[in-house]
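All remarks here apply to the structure that follows.
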Amino acid sequence: GSAPDDSSDGGDGSTTAASDFLPCIVSDAGGFDDKSFNQLSFEGVQQAADELGTDFKDVESNSENDYAPNIDSLVSEGCDVIVTVGFALAAATKEAAAANPDIKFVLIDDAADGGDDGQTFDGKADQPNIKPLLYDTAQAAFLAGYAAADYSKTGVVGTYGGQPYPTVTIFMDGFKQGVDYYNQENSKDIKVVGWDGKNGSFTGGFEANEKATNTAKQLIDQDADVLLPVGGPIYQGALTAIADSGKDIAMLGVDADLFETDPNTQDVVMTSVLKNMKVSTYEAVMSAESDADNFDFTPYVGTLENDGVGIAPFHNFDGKVNPDLADKLDTIKQGIIDGSIPVNSYLNQ
Amino acid sequence: MSTPTSEASIPLHETPLAGVTTVVDKKAAVILSVMTAGLLLVVAFFPQDGDTTFRLAVPSDFAQLPRVTVPSTLTAWVLIIVCLLCAGWSIVLYRRKLQTPLWLMVIYSLGWMIGFLAWAASGGTIPVVGLLSGSLALAVPLVFGALGGVLGERSGVVNIAIDGQLLAGAFAAAMIGSALNSTWAGLVAAMVAGTLVALILGLFAITYLVDQVIVGVVLNVLVIGLTSFMFTQVLAPNAETLNSPPRFTAVVIPVLGDIPLIGPIFFRQSAVVYLLYIAVAVVTWSLYRTRWGLRVRAVGEHPTAADTVGINVIRTRYRTILIAGAVAGMGGAFYTLVSVPQFNREMTGGAGYIALAAVIFGKWDPIRATLAALLFGFASNLQGVLSVIGSPVPSEFMLMLPYVVTIFAVAGLVGRSRPPAADGIPYRKG
Amino acid sequence: MSSAVGTEQHPPTEPDEAPDRNRWRETFREIASGGVTVGFLAVLLAIVVGSVLIAATDEQVRATAGYIGARPGDFFQATWDAVWGAYTALFRGSVYNTNAVSFDQGIRPLTETAKFAAPLIVAGLGVGLAFRAGMFNIGGRGQMLMAGAAAGWVGYQFDLPAVLHLSLALVAAMIAGALWAGIAGLLKARTGAHEVIVTIMLNYVAFYLVFFALSKQSLLQAPNSFNPKSLPVKDSAQLPELLGDQYNLHLGFVIALVAVAFAWWLLERSSLGFRIRAVGLNPEAARAAGINVGRVYVLVMLIAGALVGLAGANQVLGTVTSGITVDLDAGIGFDAITVALLGRSRPLGILAAGILFGAFKAGGFAMQASQDIPVDIVLVVQSLIVLFLAAPPLIRTIFRLPAKEAK
Amino acid sequence: MKLVLRDITKRFGTLVANDAISLTVEPGEIHALLGENGAGKSTLMNVLYGLYQADAGEIELDGVVQHFSGPGDAIAAGIGMVHQHFMLIPVFTVAENVMLGNESTGFAGTLDVDEARQRVQKISDQFGFHVNPDALVEDLPVGVQQRVEIIKALSRDAQVLVLDEPTAVLTPQETDELMQIMRELKESGKAIVFITHKLREVREVADKITVIRLGKVVGEADPKASNAELASLMVGRPVELTVHKDPMKPGPDTLDVERLRVIDAAGRVHVDDVSFTIRAGEILAVAGVQGNGQTELTEALLGLQDRVEGSIRLHGEELVGRSVRHILDAGVGFIPEDRQTEGLVGAFTIAENLMLNRSHGEPFVRHGTLQLERLEGFAKEKLEEYDVRAPGITTLAGQLSGGNQQKVVVARELSRDVSLLVAAQPTRGVDVGSIEFIHKQIVAGRDAGMAVLVVSTELDEVVSLADRIMVLYRGRVVGIVPADTPRDVLGLMMTGERPEGAIA
């Protein structure tokens, strides 16, 4: 190849930053390539950094041992705002926040609430300089559940998760409620397999592996023709299971619109339950830069109302789903927003 | 004399023995009783009303076997009685100083398992085909790994690095498979990767006489480190070019694939699984029926003796573990070329150690080791199937099942097993 | 190690030239006899390999490699930057932070090293002790989980005066770890079940047990929480910080040192240790000498489990006091094996190895944060060090050293 | 085929096992190689066989200088060897063992076992070996195993046949048969090297005798030379071939064994219906071919066997079912058959080995702590007393020579107060000097009022030590006879024949 004129260029965005504002992000054990909340939050920070023309730091954790040290090392790297992803980082974030009151912390998927004894909940983060980002994905999953029930021909729809974490089961809860709602509305009896509200099927981890494939197969063996895999890359398992089954089975994506993020899914993904972490993280970082002094630390809860959560378009399935489904979903969405249709999740209990 | 002395297996005129009697240990009896008691308790304390359906066919069969529907609790009780009879009989046999015969064990296991299923899957449908074919799928990497382990140890080299070989195989298969967009290229790459790990094992364990367990354990760590590092640095950034290999899809074997029950379980699998059948057959045959096998076993039992008849111990061991590495590597390919078309860090999840367990559980015999691996696959798949149906058992306990089963099996059924005499002992010439 | 996987005792076919059952000692004598040079070169070699990996995967380096013909200077500059950057970061993160404003700040990494070393040392002792009895304890993870859960529960459940509360939590951890490891010992002694299999399986069982408990309000899960996490440990049960607030170093390190002393006494001076070593080196002779081999197996696993249990307690009561989680073992259970191997299963060796690996761990974070190099590289370097140290002849061949007469 | 070894030198580290040894063996000649343990006989033959590479010297066959890079070459050149420690794979059948290394194979390397069977059968018939090709080697008595070794060599039609201490494991009758076979082989023109330290045998078959001491040839001897001459040549000084012991003064019954039955995990009955008593101050020697239950008998006495029926009473106390430790503490001393696996911990120091079976309390342990200085004193003392030739008490036992290792074991057992000493093969693989010493110690113990059970496959040893002799065959007592029972009678009993009135 030919040498570039200025060889000092290149590296991981180590360009002389336009502003000295430094946003940083720590993943949980899932890592930034989890095609899920780590990745989306990462992209949020990345986008913000690009627009601000600044550099940014990202570190991955492999175990709970790493959270505190990772945050510390970012602190010593001189970050202005540190995004910590996942409830697992809550404790470490609290400590770091206490130790560094002048750094802003954005904590995703946990309220950092409960006080030191873990019992006194005041609806605010325990540290003034932590902004929690929470998502009531049950609302969106509810819509997906309704859609799935409406689409299902076998009368069975299935869901499975990585680990029974609340951030996972909240999807399955909403999904089941959506199906139940469909059943009572249309006096049908669509069955949900893989989640009964308390127990369900879990692959035991958040890796795309044989267990993921196998769990999906097991749901298909129960005649499910719509699958909702919850937990980052484990949807890969559903993909292969569907391919092997040779049946016509639809899949629902979570977090991002799979149709966009993973083209391989375009033929099978009916819709996706959106959890707009990218946007909200992006906004949080941006405002942390723009109005650094009066940054709003009140917890953000993504809902259908503020489009923090939602469901993606049907894309290729436009023709396959009932023509009136889209409108039906809109009315239900309104119902959920105005509270006439209750959706329960750990966030609103 | 309390026990009869009978002239048995060994022709006495050739042995220096006073006689041979049969020694029975009470393990069988104890295990059967304990297991029965366990089942009895759960069924008694958590009775299930409702029926359980066993579905023997898959829609794609043209010869549709009927669904069998039975009342859960009643069936469970009936089969518990069967189990009680078996257990009782084996106790009687023990009192009479007689071994519990295999057929009794088989009947018992079937009875127990079906009884348990009838109870646990109450109100649901057990897709028997799915249950068994899934078990096979989960067992594939384990079987490959176990075969590799058996080969190595039969030649006197303990191979704890199976996990490393699986992981390296998975990684190579994903990377090369994607780069060349060819499943077979990926498979070959996996075998090469497994062989490379074996080569390092050989270099340290055979040539430099480093303790084989040390090398094995450390190699696993090394491979985890390497693959994870490369994953983050190379694969993840270029996922579409380097981490999205093509898949081996299921191929239906003409006639065989249509046999009810058997067909969909065994003969509607991917090429890798058919390779597995071949591997098991070839390894078993060559280990016991060929010159190569005879020499491998000789080297593993008594290297000096092998040496004195002109067999090159070092070369034999190297050759064997390299082949073993290739076999284990194939298992690794299953992760990224069949299960899911992408590599993830530490994606074997310690399967190599399970394979190791299968080797010991299988008493260093390819067939037995294969069965051990299959048992493990069955246990883990059962877990999944039941939690899908929504069994009364919490999912964590179902997830525990395979591991608990293995402990029981190793402690109860295998016990002290006799490895190849020179297993794990480096060979030095005078 | 007499019961390496698949190497149960068997009557040697040629008594006079019986295979040396004592391959641990032997290997380790090799390591020792390798001498300082070889040891140094082994570490050097491992670091070189690590550097190659770092350079090869560095974008800058690959970019410049593109036109190496045109401007080789760039390439070597880039390579140097990548490698030098990585290892200086490692140093900054593990020994002294040269960028720090004050000495107090600068020395912090060293305390972090000690913090990470503590659990590695105690767990390493647990694994090493088992090795000395010819047992391979791969069950560190499970033992840490059970112990951590026990310690954590005691830690948040009771209200007690500080010293008492802490000691109670520690004891609970040791008992839990001991019992969990004891299962493997008992099964080996009674049924001959191979401890390698049993301990591996118990890892998974422990994981799901703790997970289950953490997802049940009635058990370990924090009230009105939905996460698989317990309440935080009360201050009275926490391992006090040794150097005040700006450092995370806590009493765990001192406990580790005490454990080392204890393990040394046990192995070198106590009659139990004598029997342990005898069983590890030659079970038949031990049995013929009236030593109850089975009982030794059980006792060793109990003690080993208790030591590994301390590592669990160290995590829950010291390093991450925010409550029990399923990944409290943080891979220490497995790292402990490498530590024990590098430490030649000798208490002092394990102390040294633990500190070295602690440094790698602490440094890894800085390396990742400032240089974007995945911490996994540390695993690579660590395992290479153990491998190379175990094979001095290899090092000699590589560095063309005069081969020295072994035995 | 004519074999010439010229100035063969072989070193093991510092130890010179062979020092410029030269040897010539003519076809149709039986050449005896005589020398005590550790003299270097096996080493020399292993060099010839290509197992070891000589540091100097050359091997010549029919005038052609050979270069053996491994046994393969040696075998190809027509050299066959029956090793001192059998080179058979226990879990293989006879046929498999014989074919191993030159297997005949069918399609795709499939083994042709039938061919091997026939090969075995043919040779077996030719020399009347009566070996079943399909028997598992581990199930065969050593005598038969040795024939398998010979078949192995012959099946590769060896012209030079080396027999390394072949008679050590045979009954006198079997020995005679072997001699006969050797003569037949000699007739068929083979050159035979016959290694032994049993003078009688040498004089019987050897055409030539070469004596080796400390790795050097110390002379050629004539087959008609006297035992004493040969012996002194071998050891380098005059030696007493018999043990001096006063007539015994028997005390009360110490050990009382009744209807003992020992079964192993596989259900094999190794000892059956064995009853005997030993009085204080008496030595009962157990004769019999290796593998006829002696090992299991001694292990049963020590509580090392799991399935034992019948009763073992020491001073009336029942020992069956008691732990090894209890039995040791009850006053039983044990010199195990194989010092390296059961007697010593090779990687322990001499001192540590001296307290191996006393790690439970006084004098060497107090409050769970080792009393090192006390142990040191004790060890130094015993090193003196039992003249163990070692640099110091911290020398690792594994580095000692066999004789010295055995002395350590004897010292350990005799320095506890034991009322019963069980000594299995007390002088196997031990130099003559040590043999004398160990025998003296045993007799001293007996005179001090110990009951002693000696197990030995060396008839000489049995005869010279025993006050009474018990012969075992297939785990059963053939008879208990007085010490002065003639050898041929004993030999007959060792094959199971029971002469009338053979109970004393």
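The first chain written gets the first letter, and so on, giving A, B, C and D; residue counts start at 1 in each chain.
Note that in this section a residue touches a chain if its C-beta (ideal position, glycine included) is under 8 Å from a C-beta of that chain, and two chains touch if they have at least 3 such contacts.
Values in this document were obtained by computation on a predicted structure and should not be read as measured data.
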Task: Go through the assembly and pull out the chains touching subunit A as well as subunit D.
output: B, C
Task: Identify the chain pair with more contacting C-beta pairs: A-B or B-C.
output: B-C
- request: State, to the nearest whole Å, the distance from the C-alpha centre of subunit A to the C-alpha centre of subunit C.
  value: 35
Whole-Å gap separating subunit B and subunit C, where each centre is the average of the chain's CA atoms: 29
Query: Per the centroid of Cα atoms for each chain, what is the distance between subunit C and subunit D, given in Å?
result: 46
- prompt: Which residue numbers or ranges of subunit A touch two or more of the other chains?
  reply: 60, 164
Query: Which residue numbers or ranges of subunit D touch two or more of the other chains?
result: 90
- request: Could you tell me which residues belong to subunit C and also touch two or more other chains?
  value: 13-14, 17, 211, 215, 374
- request: For this structure, give each pair of chains that are touching.
  value: A-B, A-C, B-C, B-D, C-D
Field: Complex contacts: residues of subunit C adjacent to subunit B
entry: 1, 4-8, 10, 13-14, 17, 19, 23-24, 27, 53, 57, 136, 138, 187, 190-194, 196-198, 200-202, 204-205, 208-209, 211-212, 215, 334, 337-338, 341, 374, 376-380, 382-384, 386-387, 390-391, 393-394
- request: Mind listing the subunit B positions that touch subunit A in their complex?
  value: 60, 124-125, 127, 129-130, 134, 137-138, 141, 232, 236, 239, 244, 247, 249-250, 334-335, 339-342, 344-347, 349, 380-381, 384-385, 387-390, 394-395, 399
Field: Complex contact set, residues of subunit D against subunit B
entry: 12, 46, 49, 51-52, 70-73, 75-76, 81, 83, 87-92, 96, 99-103, 105, 108-111, 132, 135-136, 139-141, 144, 152, 261, 263-273, 289, 291-293, 307, 309, 474-476
- prompt: Contact residues on subunit D for subunit C in the complex?
  reply: 13, 85-86, 90, 302, 304, 323-329, 334, 336, 338, 340-348, 352, 355-357, 359-360, 364-365, 368-370, 372, 398, 402, 429
Message: Touching residues of subunit B toward subunit D in the complex: what are they?
response: 1-3, 5, 8, 10-11, 14-23, 286, 289-292, 294-295, 297-298, 301-302, 304-312, 421, 429-430
